[in-house]
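Chain naming follows the written order as A, B, C, D and E, and within any one chain the residues start at number 1.
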Amino acid sequence: MENIDFNQILSIAIYGSAVGLILIGLYAVLMKKHLTKIIIGLSIIDAGIHLLFIAIGYISNGTSPIFSEKGISLVSEGTKMVDPVPQALVLTAIVIGFGVTAVALSLVIRLYRHHQTARIDQIKTLKW
Amino acid sequence: MVVSPVHFIAVPLLAAFLMPILAKVNKNLLRIVPGIVLTYLGYVSVVLMNRVATEGTIIEVLAGWSAPWGINLVYTPFTGFLATLMIAMSFLIWLYSFKFKKVDDEPALKYFILQLMLTTGSVGLVLTGDIFNFFVFMEIIALSSYALTAFYRDRNGAEAAFKYLLIGAFASTLFLLAIVLLYSQVGTLNMAEISVRMHDVPTSMKVSILVLFLVGIGIEAEMFPLNGWAPDAYSQAPSPVGVAFAALVVKAGVYGLVRITYTLFGIEGSGIGPFLIIMGGITLVMAEITALKQTSLKRMLAYSSIGQMGFVLIAFGIGTHEAVFGAIFLMFNHAIIKGLLFMSGSYLVYNTPNKEIKYLSGYGMKMPVISLFFSLGALAIVGLPPFAGFWSKLYILLAAADGALYGLIALILVVSIIEIVYYFRVVGRLYFGKPAEGSIMRKPTVGGMIAMSILAIAILVVGFYPDIITGYIDAAASSILNTDEYIKNALGAVNELTPVENIIQ
Amino acid sequence: MEDILKLLGGAAATMLLAFVVGATYGGLVRKIIARTQNRVGPPWYQNFVDISKLYMKDTAVHHGVMQHIGPAFAITASVTVLMFVPVLREGGWFPWFENLNFKGDIIFLIYMMVFGSLGMALGIGQTGNPNASIGVSRGLSMMVGYEIPFVLSLVSVMVQTHTTSITGLMEWQTQNGWLMFEAPFAFITMLLAILGMFHYAPFDIAHAPSEIASGPPSEFGGKYLAMMMTSGSIFAFAKLVFLVDVFMNGASNLVMLVVKTLLLYMVPVLYGAVSPRYRTEQAIRYLWGWPVFFGIIALIYSIYI
Amino acid sequence: MDTNDKGVRKIVDMITGFARSNSLFMLAYGTGCGDIEIPPAMTSRYDWERFGYRKMATPRQADVLLISGYLATKTLKRVIRSYEQMQEPKYVVAFGSCTINGGMYWDSYNTIKMLDHYIPVDVYINGCMPRPEAVMSGLFDLQEQIKKGEANGAQKYRENLEWYRGNQKKVIKNWVMPEYNW
Amino acid sequence: MGGAILAYLAKRITPMLSSIVSFLAISSAAVVFFTMTSSTDVVTVSVRNFTLQFGLNAYSWVFAAMVMGISALVSLYNIAYMSGKDRLGYFNLNFTLAIMSMMGIVFANDWISFFIFWEIMTWSSFLIVVYNGIDEGKIGTKYMIFSAVGGYAMLMAIVITNSQIDSFLIADLINAYPTFGHGMQAMIGILFLIGFSVKAAVMPLHVWAPRAYSDSPMSFTAIFSGLLSKMGIFGMAIMFISVFSKASIGDTFIYSQVIAWLGGVTAVMATFYAVIQKDAKRLLAYSSIAQLGYIVTGLAIGTKLSVMSALFLAVIHALYKGILFMAVGAVERQAGSTNLEQLGALIRKMPWTFFSALIAAIALAGIPPLGGFVGKWMLYESMITSTNPSHLFLVILIFLSSTAAFLYVYRLLFGLFLGQEEPEWDHVKEAPAPMVIPMVLMALTLILLGYAPGLLFEPIANGMEFLGFENVGWQMSSLSNIWGDTVDMQYVWGSVVTLFVLGAIFITIKNRKSTRYVTTKDIHTSGEIPEAHENLTYAVDFYKPFERAIEPVMRKTMDFYYNHFGNGLESLFGFVRKIYTGNGQTYAMYVVIFLVILLLIGEQIFK
């Protein structure tokens, strides 16, 4: 048991939880009838993907991604620096996700006012 | 002032954020400013088009970071053509909606901001050379579309918007996931760079990424099982927004699909072509079948739009120069024709309950000009000569025939017959029957009339003299097909300025 | 000039002959029908008396210009048919009756034969008499019935002989024998067709006197009726001569002509004398039944012989 | 007509008389019981066709109007109309006592008594009913008259139209006959 | 040549605000056309990577002359016919467009411009069909569907042709056709034939025609049935004569046979339907279909005589059907109805219209000595002299049709112009001069063509020589078949006219003084007196006995099957569209399912 690489367990855990989050979110989106729950599901999926993204960019024991003058060569050397791009992107994605959630919630409020219900299977005035 | 592709994004975005302030200064400013902005962008795009024609692809590097690290804008004939088209349509939409929301200023402010953002998003999406920015612009489009769809409080806009949002958020999630996977494999976000490195990616991973991309962008491009949002959104959004969907959003989606399949994965021998043909075919058939049974004019137009996108997908799936030419031509035609149809159609159904077609009897006499525009659009969209739609259909069919896809030709033509049926039902109804009692006609605004006239003239001119546009489209088709050139151009900037020097600066 | 004179003279002679023979036949027919009904019947010249009486009527009324010239259509058709049908075979008195024999052919004659019916029908239509119109309706419908076997028979004959002109047919028969025997099925078809063609019973519903007041001519009196009867006499003769030419190689002299035409004429007359009447649709179905069957056999026979 | 043409005219008259008398087209007005006598006259027993008589279906074609029996005022109207529609020369043969004096309907309120007052009758055949022989005998008389040129009822009718009309209108109360230019 | 094109383009852009403008435009184009001396110019327009060619040849000259001549006259008629109606601008725009697009079709030297003008013709005529707005658009839709089927079949053939030979020129197809493989030959041939058959209203594709013809304004129907349908014939002739004849006999034999028989069946069935119609317009519409059936048959038989007869009939049909539709239009305008069961006795009110209609009807029935007979004679002779036994049976069908044609011809003339005079129609007057003049002119042309059909044989023979026949012989007024039998039209004409004139004179001067006109109320009615308002004309169910006789073949119409098919399709579509449930979650589910499926089978699809 001493051979167990902690990092490996960690990465499995992170990847696993990312996939798990995505699946949970998917379940919520597809199965839950309440609008708010669906939106929560979407957020969970987002979170899962962000986690995944970060995990991909993370390199254990890496340094923080600050370029020096030899920045380029650092990359080509490979392993020492944590990839900064995913982190930057995830930040952006979180912001976007936030925006989407906000819009979605405002829509839910309006839908509730209009239909007096928040169950998605009852809001079907537009079809076919 | 030196024009550059950056203006396409910077200027409208800036204007959009400045507009609340401007509105405080003078309420009329917020109506005028988008026009000025779009006119300026139109000027820019014309200049750039000419420059592209003479000098070739223009690469604009943002924030001093060159490819493959930095964010860059790639102005090829193809992207330039689409951007110009989008800006032109956007300008017409502005004209059309100039006085549309005079009821109170608050929505008008939001509306124009959102419209500018939508334009920004679409143009940015087309021009960007970076897959993550692609995603960002897609989200800009999506967010402004959600908001615009739900614009009217009194309609079912919210419902449509929610469906759109649900699917759209899904799309962006999948797209993001694809980007994540892609990045994990190739370690870059620049599309040209990705394209170069794509060979090394293992096939299963490549396929997964491709599928995620396809589904993610397919939602925007209204591919068949993913397009449930589209008819609702089209029909519930304010009519200029319907035009914007047809002319900007969907075009951006199709562009994305093309860029990803052609440039990133390569269309030849990859099985994507047949896949696109099949999915396009299914989309086409399903959409037209459904459109046939619609009772609401706007939903009918929406389904028709989906069908046209299916047609475009088919053409891109065939993938020869002729087919791509036809596809781009069709994108252009679809933008102007569907624009005209939405614009005139929404005047027609403005006061009818549920926008139902059956109330339109005899409008041909009450609203002669609008009806004429609508009929013109209907004739053009089903591809009857001598209008614009005919030529694109002809070229796609020619391409299909060159590929010996006779079944496909037959399918397209059969579907065209369905299309003819439902469009001519409406046209027929417009020109006979007595108008229902007490129906109030809405007088078109001057801006709207100008916009529609421009579109109608464009349809006629392109129909009679297609050569006016074929040169640009030819260039565009060559540029999308020639991946190597794209890569060379996009990465060529690297050779001019090495990254290190950049960093030092 | 001489040609025209010869033409006019020949035409006049032919017309006279046709009228005399046709009207005599008409009288004979009445006589024969009377005899079959165990009556004495009128004298053979009765038709001449009738026609001349009608010409001598003092007054005549018409309902409009079409009725007025309707009989002219009829007589045009019958005389034109007569002009284009060889009354006699080559030689003998033939030059006198040459008329326009070489200027037309069978198809033309088939069409010319309906010219009169249609012209008369127009005249009849103008009277506004419902009985007359009913008669026209029945007559025209029946015409569709009998034209089919008629044409089938003629087409098979034409195919067999490789000519469409009557003179050509007669030359062929001179060499190969009468078509009556050479093309038996065609002849049978023709016999069945002429039952309908001559409008005797059972195909006389168009003229049913006590039902629709004699039908088509019910508004025609005096000179109009006279002209119709004249035309009818000529037309009957012309048709008979045509049939004799086609199936019995014409006739070389007038006696043979009379014998042959009379023989042929007796078929519908005798059949009609003892027949009841078909309704129109029954008549049409009858004529499209066996006669057409025989006609098709005739056509097949003529193709493969 | 010139006197020189007298001979010619005589021959013409002879021919016309022969033709007219030997080709009698009859329109039978068979309202009365006398009509039952016509079929035997037509058919093989008496066979009047041998004399050139023939039954026609419409007045336009007919020469002779056979009035076979009593005439009610209602039917008189039809008779007059049929008579007027016939083409000249035209003759009227009336048979049965009823046409002569009303016969057994002599006191009927709606039967006309003397047909002669309403249309010119050339030959009356009496009897109630006259047998076919009598009918044919009457027709022979008519033939004789025609040959002699005496059967000119139509001319009489035209000349005395007012008188006839007066009589007709007297019995036909609702005179709706159109004034045809017969 | 260039002038005509230019004139025509200019006309097209000009908004046709009144019938007069349209008449002037068309007639000036006609003048330009007929005064054109050189007919060999080719105008080339290039579009991107291919060129469109316009040019006139001997064959298209026949059709061009027909189109120009007749449409000039019809547009004169149109002035009076359409006066006082709504939306003249709309109507005349489409009217002129349709005519000019026909010119475009005949001028076209390549398939693309052919197709472009073809489709312009289609939609402009569609817009006219819905102009009257009867019956909730079903007619228009049907017309459009069938035209679209035809047009697209043609388009498919065109693009396939292009993919094979990389050229759109008609001449190139003709040259290259024999080099194609069998399947390709069959496909192209059949597709083109479908395209042309729709316009020529051949049997299974004819259901649009009766209503479309009858519900358009009559001034257009004269064009529609007379000329527009001839464009199908125009194309079909090119296919049959130039294209198929170059290919090996065995392959194309079948098409010719099938089309010939279809034409025959069309002729018979359409004639039967025409016989039982109650409306003059509908009757003529069916009659047009039947007549087109003859023409198609004539083309399909493909011998020299039959093709000549087909082309001759095409021109003659345009003339007489033009007259008849115009006459019915005149009646419609003056009396306000075209119901054969109600109208009657217009002959005294509209003598000139009657005269032209009479001449046209005689020509239609194919009775000598008018032009119609010439065409029919040649058709029969060509079939009888044919070496192919099936044509001998076909001749019976054609004969049946043309005999039954007498029925409806009579019905038409009787229903409109004859019968009892009614007080209801007392107000009717003769149509105004602009309507009468074209009719009478065309009627006189028919008489002239009966006397001297050679006037028309000359251009037709030239055209046929262009199409690929050699030594097309013709005489000015004598017809002859390959067995050497002749009909001398001069003698026929002379005999008929002389006798008719003599007969008419005789019957007029005989007893002239004592001959009187009586009204149509003075008829034999067994003594009964018809009142003024009573209509005794026998006009209802005129051919009931005939109808009963042919009843077995009339039970189910083609229309019935198409409607069933259409309804079934629509309900299928209605079912299919339920996939858009309106539930956002379902859509999301679709996305996921699609994604999963793609991920599972992705490796098979994308290599």
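Simple rule for what comes next: contacts are C-beta pairs under 8 Å (C-beta built on N, C-alpha and C of every residue); 3 or more make two chains touch, one makes a residue touch a chain.
Just so it is clear, the model here is predicted, and its values are computed rather than measured.
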Subunit A to subunit C, fewest steps along touching chains: 2
Identity of the most central chain, Cα criterion: E
Furthest chain, CA centroid comparison against subunit B: D
From subunit C, the most remote chain by mean C-alpha position: A
Whole-Å gap separating subunit A and subunit D, where each centre is the average of the chain's CA atoms: 117
Mean-CA-position distance for subunit E and subunit B (Å): 44
Interchain centroid distance [CA atoms averaged], subunit A/subunit E, Å: 69
Approximate Å spacing (C-alpha centroids) for the pair subunit B, subunit C: 79
Per-residue multi-chain contacts in subunit A, two or more chains: 29, 38, 123, 125-126, 128
For subunit E, residues that touch 2 or more chains besides their own: 514, 516, 518-519, 521-522, 524, 526, 577, 580-582, 584-585, 588
Where subunit B touches two or more other chains at once, by residue number: 162-163, 166, 170, 231-232, 290, 293
Pairwise chain contacts, counting only pairs that touch as defined: A-B, A-E, B-E, C-D, C-E, D-E
Contact footprint of subunit B on subunit A as seen in their complex: 22, 29, 35, 38, 42, 45-46, 49, 52-53, 56-57, 67, 69, 71-72, 83, 85-86, 89, 92-93, 96, 99-100, 103-104, 107-108, 110-111, 114-115, 123, 125-126, 128
Subunit D - residues contacting subunit C, complex: 15-16, 18-20, 22-23, 25, 43-44, 47, 49-52, 54-63, 86-89
For the subunit C and subunit D complex, residues of the former touching the latter: 30, 34, 37-43, 46, 49-50, 52-54, 56-61, 131, 209-210, 213-214, 217-222, 225
Footprint of subunit E on subunit D - complex, ascending: 29, 58-60, 75, 77-79, 81-82, 85, 88, 176-178, 180-181
Touch list for subunit E against partner subunit A, complex: 577-578, 580-585, 588-589, 592
